[in-house]
């Protein structure tokens, strides 16, 4: 059997292909030479399955899509607090190239407008690094995310450098505010090179899936970002990534996303999918017209909206068996999947409302692949209480998902993990 | 065993109880008479389990929390399109009582500021309804959400009516823009009464859980909102519900929420939980100081952030068995849980990469409790292709989650469900 | 001889009459019934000469033109400081009916937008006065300015009252900020009545000439405002009276002005003229199209721009004679006109650079009609110094423009006159 | 006799000298080395009299004061229309170094903020001129205005060039908008040099007096600007020259003015005076603290407010004589001063209301030093009508102020002088 998933993507793409509105980006001649009919759609799961239809293997420049990943890199290198000191996370309602700074602090409004993206760019690498080294670090990150060596469109780069007055204005403003210290020309040259990195829709889908997968590249298995870094990155994509109007994107699409004037859009659905589109005709905000339409359709048709009711893990306790008889009877609880607060709560609720008549209880974690910190403590505390109630409790944990199961620390949640 | 969940909540509450910052709302004398030490925290799951600690049973007025639910009611009665014509969904960056209208269309920026909330209020009930009847409809809704009859604090109501100049200003502005047509005084009187409805933190947790549960009250089982209505409502809560700064709330807490100057805050995590806090000391934005701290801690400690990697449903195919031998061997796939796009993709991927050697395949849906529309079509199409490949495919669906399993319509996703 | 001045006005009016752009005010039906072809132009000098061409005697409602005079009345009754506490004087860049308040203080931006005008309206009369009495005081002022009893268009008044949602919104906002305390409906009713006072272009020219004449009605001779009140009033008309764009009006017309949606515009050139136009077709800002064109032409053609080089009073010493001969020779200086700082400086400069050879000096003030405070001190000090140099100095002051000519206080300028 | 005028200025200066608030400009080290106690006050009349007290002869850098004159130079070279296309004239309410552009057209808001001043700077000289030549043209203008060769503070210049990120940001923005085309570094270097031109308070007073004198340097007699250029320049100084708040300056001081962070302020009262102050301690807006206080005091104490009632030229007809007797009697009207519209109106009014009984009328213009265009036509038309009424009218015009006195063109005002 051939999986029908590509056919579904093709169907969505077909439905949006008739849309021929929008214009090619025209601020540099190189971007006007792209074939406006290109249309690619790709999807990658957190398991590493990749689907691509149409022109999913055509290369184009990342442009502003790079902002999202470089923001993550800045956080990875400097820590969230240091980055927040220099770049805020509020939707600006302004165009991407506006010189938009927060009134009270002077920070750029968010890392998705140029002012914030240029600032984030300069936070990559240790102080004193030169612009070329900084670009290499960024290039390394993007290659790690894509899982292959990515090229640079040198002509687009040179052309952007020659029409970069607006970005130079921004860089000089940032210098005047003390937010960056490197020479403006060097910063903008390296930043423009970052924007000129070449990717395909397939690449972008995998890169987005890395975010959906909590920072682990789903094909290579390499951890690129921590979970906390991804959480921050996706939050900012959700409120600042698309449109000038955050509320509209959240309510109609509900997928953290980022677009680039090269025609690409990425979307990332935590725990599920990375999605990308490539169609170079842009609306007046600089977003791909067919890309947006595709995302709206994916969200509406496929239930890929953050606020769709996610599957309640009702099958967490997917089997309860009684082994043996009489005094020797043992109650076996087979748990499965990932156990977080909500799942743990359900198990505990079940045990507390319907205590088993058997004296021996086995909690079988064989089918569980991960237990979150809070859930670990809750389960251990539950077992401790079972023991206090007189039960004999055994844990079957061949996958070692519950190491060091000392129930004694169950009650204490401890300090929250602050640092990202 | 007593479930330790209340202990965890108590632990979080204790950690935030030391915070004594903020001031009681003071614009009417009634609100200054509340005991500033009150602190309640409640949680309700989509299964209907309810936990409450501290002053979770003390009554207080809903105030602006009512805005969220009444916005949903307006959509339920008029349809989303009609409501969007009159109220936008963008975070305003303005205080809640600002006369903040969209420059181009004149609409209130969102339904969580007073201008939008008053407009949404007037969209409840058919045209020509009087203010009292409208209040009754709203009161009915709130009681349905809480699952009990709610009272009204008549003194707070009267007092608010007597200090309602700002709301009257808003109502007259809305009249001058043609957004509302009823007399300003009557509208503000009924709107103020809506704000004076009395709830407990426990009530609010259940009301929030109704949103988390896709619109079905988890205790009474009554469907109050459709899934699409809830999606819109939660999206707007996420970007406009708290603070003046949408980006900060989304990135630090990541839970759709709404606060009221009575001291309450609700949060709703789709598919999982409703949460509520009650502590009447407010910050300068009018949000409960301890409430916000509690939400931040819940999000950080318990992994209750939308962008945390949600549990990938790896156990969807939770068992594969072979029954019989040789030519008669039958491959049985047992699916479980809720099957959406991502889960269906995984099943199909599995079948396509690793086709079973047996000629007969049984898909056992006994443990599946729901299949989304797109997933239904994907599975049917997959089975159709299996048959084309020469397999005999049987479906076991005792729960009737896949009615009318005609694989013929598999390929067609059909038009998106537009109307909410 | 018939003076050709009316012919010049007619010529200007003719040149602008061809302009038929703009629309009648349409927010109430009464204003749409006006003949759109009406076109009147009137001018009044500070000497009380009045010229009127076209429909200069047709009555229409003052509307916003009343704001300027009522602002002056508020200052007259409460003092400038008390009024400034409640209404600022900055051009707002906003439409006249915007709810535009200063961010830091909450004051309306200026008294020419509705929010400021309504606040100024309520400052007329002692606290506790009722709305009818307040209107009577305002009506009295307007009649004093026009020099005749003015009527009220009762239908326009009633109609405005019935469509006053926007003004009611403003009044409630002002109440919520504590800037006004009277009931909103009563305030707006009286304010609307103020706007419905009936005037002709001829009336308005005289009213404007009263401002040009330092506050003294040039026909009746009644002092309506003090010089300081007029200075404030004209300053605010200059920066806030017309258009949304203060800089454009100042540079192209350079005449303090105020318009009303009834079709009138007044302009006032200090020391010279009051000008008014009446033509009911309005541009999108609510200013009379032909009125603006007429003012631009008057300013350009007739040199009526504040920044045109005003006549230097070179003739201040308009005659110097020597009477008598030899030892008895007396030098006579005949001064004329109004002597301010600049004129006094010229006289003193003249005496210091070219000291007369005669020992006796007569300063003849017969032709001087007024001497400003600073000039008085300068002249007295000059005479004192002449005496110290050995001159005999006599003053001829039959008009008593230099009473109590004690040169001893010459040097001291004293404290500035603070209170207005 | 020594004129007491310097004593009056000294008195005002003394009254303000106690004010020691404010801080030295600190953005470059050179400006912090200035003696903060410096305080100079100078005044120059349109007749060329110059008064200076305190540190009126200490040199300091012009800084932003140069903006006003260079704006005039741009208009002189390109015409007003061309300059308005690139720089608007609206008060911005923003700090002087804000990147403040008009929303609809992208133009800088006015030529007194840096963005507008830099644009105006680049409009000096023909296209293609290099930055050094441009500076020379500007330097030439400033020397012509001061009436002496002015130096440049080379250290201040170099220092400003090295801290010019904000101005470079502005220049790059202007380039990105197509408002300027020269390289950003060269433009800012020459612009910074313009700001570093050295002047004394005495220089500035004369420069300001040149504006007061309609563009003619009162000492050298050189025409630097036309009357129309001066009108535009003073209008913009009035609304945009000082503070962030145009309305406040106009109402409290009422003198067109411009300040610089070097500590200087100039003010210019049309037809009367140029005023300047020098005191290097600045308020938070970058205006000299003592300078502002001095201007407020000069305006209040000396009646130097534009809206003070200016001297009505009541003495225009300063003598009426009858020469001869009986049939041969001749009525002689002696006019004097400058005759504009208002003065001409008064003469005509006089003749029309009180026609002389003599048949022969002599209009004696010997004491008139100028007649404006509109007044010329009015007087000629009046004489033509007198002749039609049967009078014999003679004109005595030894000064040739009424050349080619053909009354035939009296009625026609002709097209307004559009070009500046």
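Note that the chains are named A, B, C and D in the order they appear, and that numbering of residues resets to 1 at the start of each chain.
Criterion: contacts are C-beta pairs under 8 Å (C-beta built on N, C-alpha and C of every residue); 3 or more make two chains touch, one makes a residue touch a chain.
It should be emphasised that the depicted structure is a prediction, and the values quoted were computed from it without experimental measurement.
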item: From chain C, the most remote chain by mean C-alpha position; value: A
item: Inter-chain centre distance, chain C versus chain D - centres from mean C-alpha coordinates, in Å; value: 23
item: Where chain B and chain C are represented by their mean Cα positions, the distance between them in whole Å; value: 61
item: Centre distance in Å when chain B and chain D are each reduced to the mean of their C-alpha atoms; value: 65
item: Set of chain B residues in contact with two or more other chains; value: none
item: Chain contact topology (line, ring, star, complete or other); value: ring
item: Residues on chain B engaged by chain A in the complex (per definition of touch); value: 1-5, 7-8, 11-12, 45-47, 49, 88-91, 93, 110, 212-214, 227, 230-232, 234-236, 238-240, 245-248, 250-251, 254, 256, 269-273, 297, 300-315, 318, 336-338, 340-343, 345-346, 348-349, 351-352, 355, 367, 369, 372-374, 378, 381-382, 385-386, 389, 410-413, 416-418
item: Footprint of chain B on chain C - complex, ascending; value: 99, 165-166, 168-173, 175-176, 184
